[in-house]
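In the two assemblies presented below, chain A is common to both, partnered first by chain B and then by chain C.
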Partner chain A sequence: MRFWRVIEPYIGFLLQGFALTVAACLLAVIGAVLLGALTASMRSSGNRLVRGIANVYGDVFRNVPFLVQLFFFFYGLPELGIYIGAFETGVIALSIAGGAFVSDVILSGILTIDPGVIDAAKVSGLSRVKIFTRIVLPIALRVSVRPMGSVLINLILTSSILSTITVNELTGAAKIVAATTFKPFEVYAVLLVLYAALTTLMSFAISAAHRRLNRFMTGG
Partner chain B sequence: MRYADFTPYDIVLLLQGLGVTLALFVGTTVIGLLLGLLLAVVHHYRVPGCRPVIVVVTEALKNSPVLVQLFLVFFGIPAFLHVRMTPVEAATLTISLNTAAFAFVIFRSGIESIEREQIEAAEVFGLSRARILRLIIAPQAAAFAVGPLIGILVNQLQVTSLISVIGVFDLTKIGNILNLRTLQPFIVWAVIGLIYYTAAKTLAHFGGRIEAALRKSAQWGGI
Partner chain C sequence: MIVAENVEKRFGDMPVLKRVNLTVAPGEVVTILGASGSGKSTLIRCINGLEQLSGGRITVDGHDVSTKAGLVAARRASATVFQLFNLYPHMTALGNITLAPIEVLKLPKAEAEARGRALLERVGLSAHADAYPQQLSGGQRQRVGICRALAMQPRYLLLDEVTSALDPEMTGDVLRILAELAADGTTMVFVTHEIEFARHISSRIVFLEQGELIVDLPTADFFAEEGGLAVPRIRQFLSKLKKD
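For the complex of A and B:
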């Protein structure tokens, strides 16, 4: 295959890009889930101010394009005297944007919980923090595996946008390879199939996790 | 003299960018919805050989980054087929196909949400295929699909910001220009973000009203 011979010297470079994508996604997922759980707990709080702040955060970051958010952080943070690399900026932006979506998922998980369960926990004398971390979150997370998975897949796809702020993750690396080999069609077609394969595998894994975590549930 | 300050002309520039974004959004939405509908109908009637192709292509479009799709169309197709393609053409083609892929899935589940018995009953009454599609399937599928469709469209509005990367002068590109000229990223990107936010909220608001109107017929209205 002629295309393979052209692309072969760049395989290592592309794999480096892939590793960067994986690293960015892993870090961003951790950030997004932490931020999302915090926001969801704030949104289910009784305090109106706390709830309002969390709602505004979720609303703004879900309705502004990620590219604009990314540029805001990438060009804006140095203005504040915060000098971090493009990769770190990208991970922070991905976490913040992802957190807004994750909070939605976890919140709807929380809202499915039978109030009787929480009443029982209160009667048993558990503290509010304990109730949230030991009772509410485990149930909410179990219900929200599948929607969380689609947020995660979206995060992987969104991470390609980091290539616009000079992060040479998979898409950024492919851009360089396409420019040097002058085989843009082949390179981007392979890249498209790669991403599709990656996210499809991911959705299979999520379905398996969903079945495993909910194996004691009936009717679902 | 450096033109580093904001000028009144910047408002015109922003409006121009917003115009390009909205025009492209509306155009690709119309093409995408029609194409998605066509695919769903073809899929529903089991046209031989079409089903697997449609499913594979739409899944690939849904499961890959729009940025890569844009690069494939804008850089790849001209190099491969030796044709000329302007950024606007590439953007329109890519976003339309992307919207069509999402619309197809929604329309398909809308059609599948209708019970088989209804269609059989209509067949027994002697309605033609076209009439069944128009009078039985379409209204119910539309009421089912409109909610998810609004969600997808709000998302697609934000996806259009990516076309600035291949050089379309949309709102985000204008933001880039203003950012580089004034070096005031906080103000520039906050304003750009606010405009997108307002557009998305407006779209969601009107979408909600359309949904309420379509669902009215599905609710019990008394005798």
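For the complex of A and C:
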């Protein structure tokens, strides 16, 4: 097996890169969802200033290439006296970029909610935070969770760009191996499988979440 | 006591309520009648703070609903049942009923659920505690809506056309429960088109006409020839409803 002979000496190194990709994606997905939910709540706020801030954030980070955002943080933060590692910078940049898109899909879910349901929650005396976390978000997510899946899968794919700021995640590791072995086809074939595995896993998780959130819609 | 003084409400340039005065004392059942668009629902929505007043003042047990702290206290004292039920679609019947008692009244979960089940039993829905709103009929949903309101142990129950979206049979189920509540001395502000029912359970009837409260009479006087029926608009309104 020619293929395996090429890959075998480097499989440990590639898997290390894969582990780094998984870690970055896991953290970035959590960060993007939290930031996206917070931003969506701000964008549906009655306060114009709060809404404005959230809209500016969304517009800026959806309309600038991720590579540019990443370089901006990677080279810009030290200028501001903030010194964090490349991995941390990458996770933060991914969270911020992902959050802008996640806020979009959650907001579209929020806009489908019957305002009467919110009225009922308000008159019952629930606080605004409770109304958002217990009523608005779970109802919005039942329609938002699938488009959010696309956004999060895209986030996983985008994580490959972290290789440009010295993070040797899966793509970064592969570049090194390909350059060492002069066998890019074999190396990138491995990447193809690993990325597909990761995104497929995400798809399953999203489907499960969708079923769970919509369980009350069946029957009756 | 709910006191509305010179309440004004405009949507843009359109006046919806014009200098409305209304007092509801504990133990009273006050029915608000009037044609569609006369401002009945808006008045309820001003009392529970879902609409902001354009003028005048509303207090619930002395708490001014136009102030932040007053609104919190006023909403604590009252509960609302809605025309279209407005149940939380992602929660079971019991979940709908226990959410606010747990989160707002800070009741322990077990106690809130015990109370919730007792309420469901009272409206004949004990078998449906774990059903989601989607799985219930309109009448059943509205009974859950009533339980959700009662679970907050309100001093005032605000009912906004609670049977308008229901067929006659389901309407009967809901009205029976409201009659029981009235007999128990629950204070209610009741917006409805169910005139005959209102006649039975109300202590007072007020009539809104294009945003103006033109009549406020004890129920017996409202239906008396020399009372409400002496007002041409009311005679016309009642005769039209009877033809339907």
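A few points about this structure:
In this text, the second predicted complex is superposed on the first by the 210 of 220 C-alpha atoms of A that agree within 3 Å, B and C clash if a C-alpha of one lies under 4 Å from a C-alpha of the other, contacts with A are read in each partner's own complex, and residues count from 1 in each chain.
FYI, contacts are C-beta pairs under 8 Å (C-beta built on N, C-alpha and C of every residue); 3 or more make two chains touch, one makes a residue touch a chain.
Remember, it's a predicted structure, so these values are computed and weren't measured experimentally.
When both complexes are superposed on chain A, chain B and chain C end up sitting side by side without clashing.
By the touch criterion stated above, A:A19 is placed in contact with neither chain B nor chain C. Within the superposed three-chain model, A:K122 lies in touch with chain C and out of touch with chain B [touch as defined at top]. Applying the stated contact rule after C-alpha superposition, one finds that A:K175 touches chain B and leaves chain C untouched. When the two complexes are overlaid on their common chain A, residue A:F66 makes contact with chain B while staying clear of chain C. In the overlay built on the shared chain, the residue A:R134 is in contact with chain C alone; chain B does not reach it.
When both complexes are overlaid on chain A, the residue A:L213 reaches chain C alone and has no touch with chain B.
Touching more residues of chain A than its counterpart among chain B and chain C is B. Vectors from the Cα centre of chain A to those of chain B and chain C enclose 110° in the overlay, to the nearest 10. The gap separating chain B from chain C in the superposed three-chain model is 30 Å, by closest C-alpha atoms. Chain A has no residue lying at the interface with chain B in one structure and with chain C in the other.
Remark: chain C residues 48-50, 72, 75-76, 78-80, 82, 84, 86-92, 99-100, 103-104, 131-136, 148, 152 touch chain A in the complex. Of all residues in chain B, only 59-60, 63-69, 71-72, 75-77, 79-80, 154, 158-162, 164-165, 172, 175-176, 179, 185-186, 189-190, 192-193, 196-197, 200-201 touch chain A in the complex they form. Of all the residues in chain A, the ones that touch chain B in their complex are 60, 63-69, 71-72, 75-76, 79, 153, 157-158, 160-161, 163-164, 171, 174-175, 178, 182-189, 191-193, 195-196, 199-200. Here chain A touches chain C in the complex through residues 114, 116-117, 119-127, 130, 134-135, 138-139, 142, 213, 216-217, 219-220, going by the rule given at the top.
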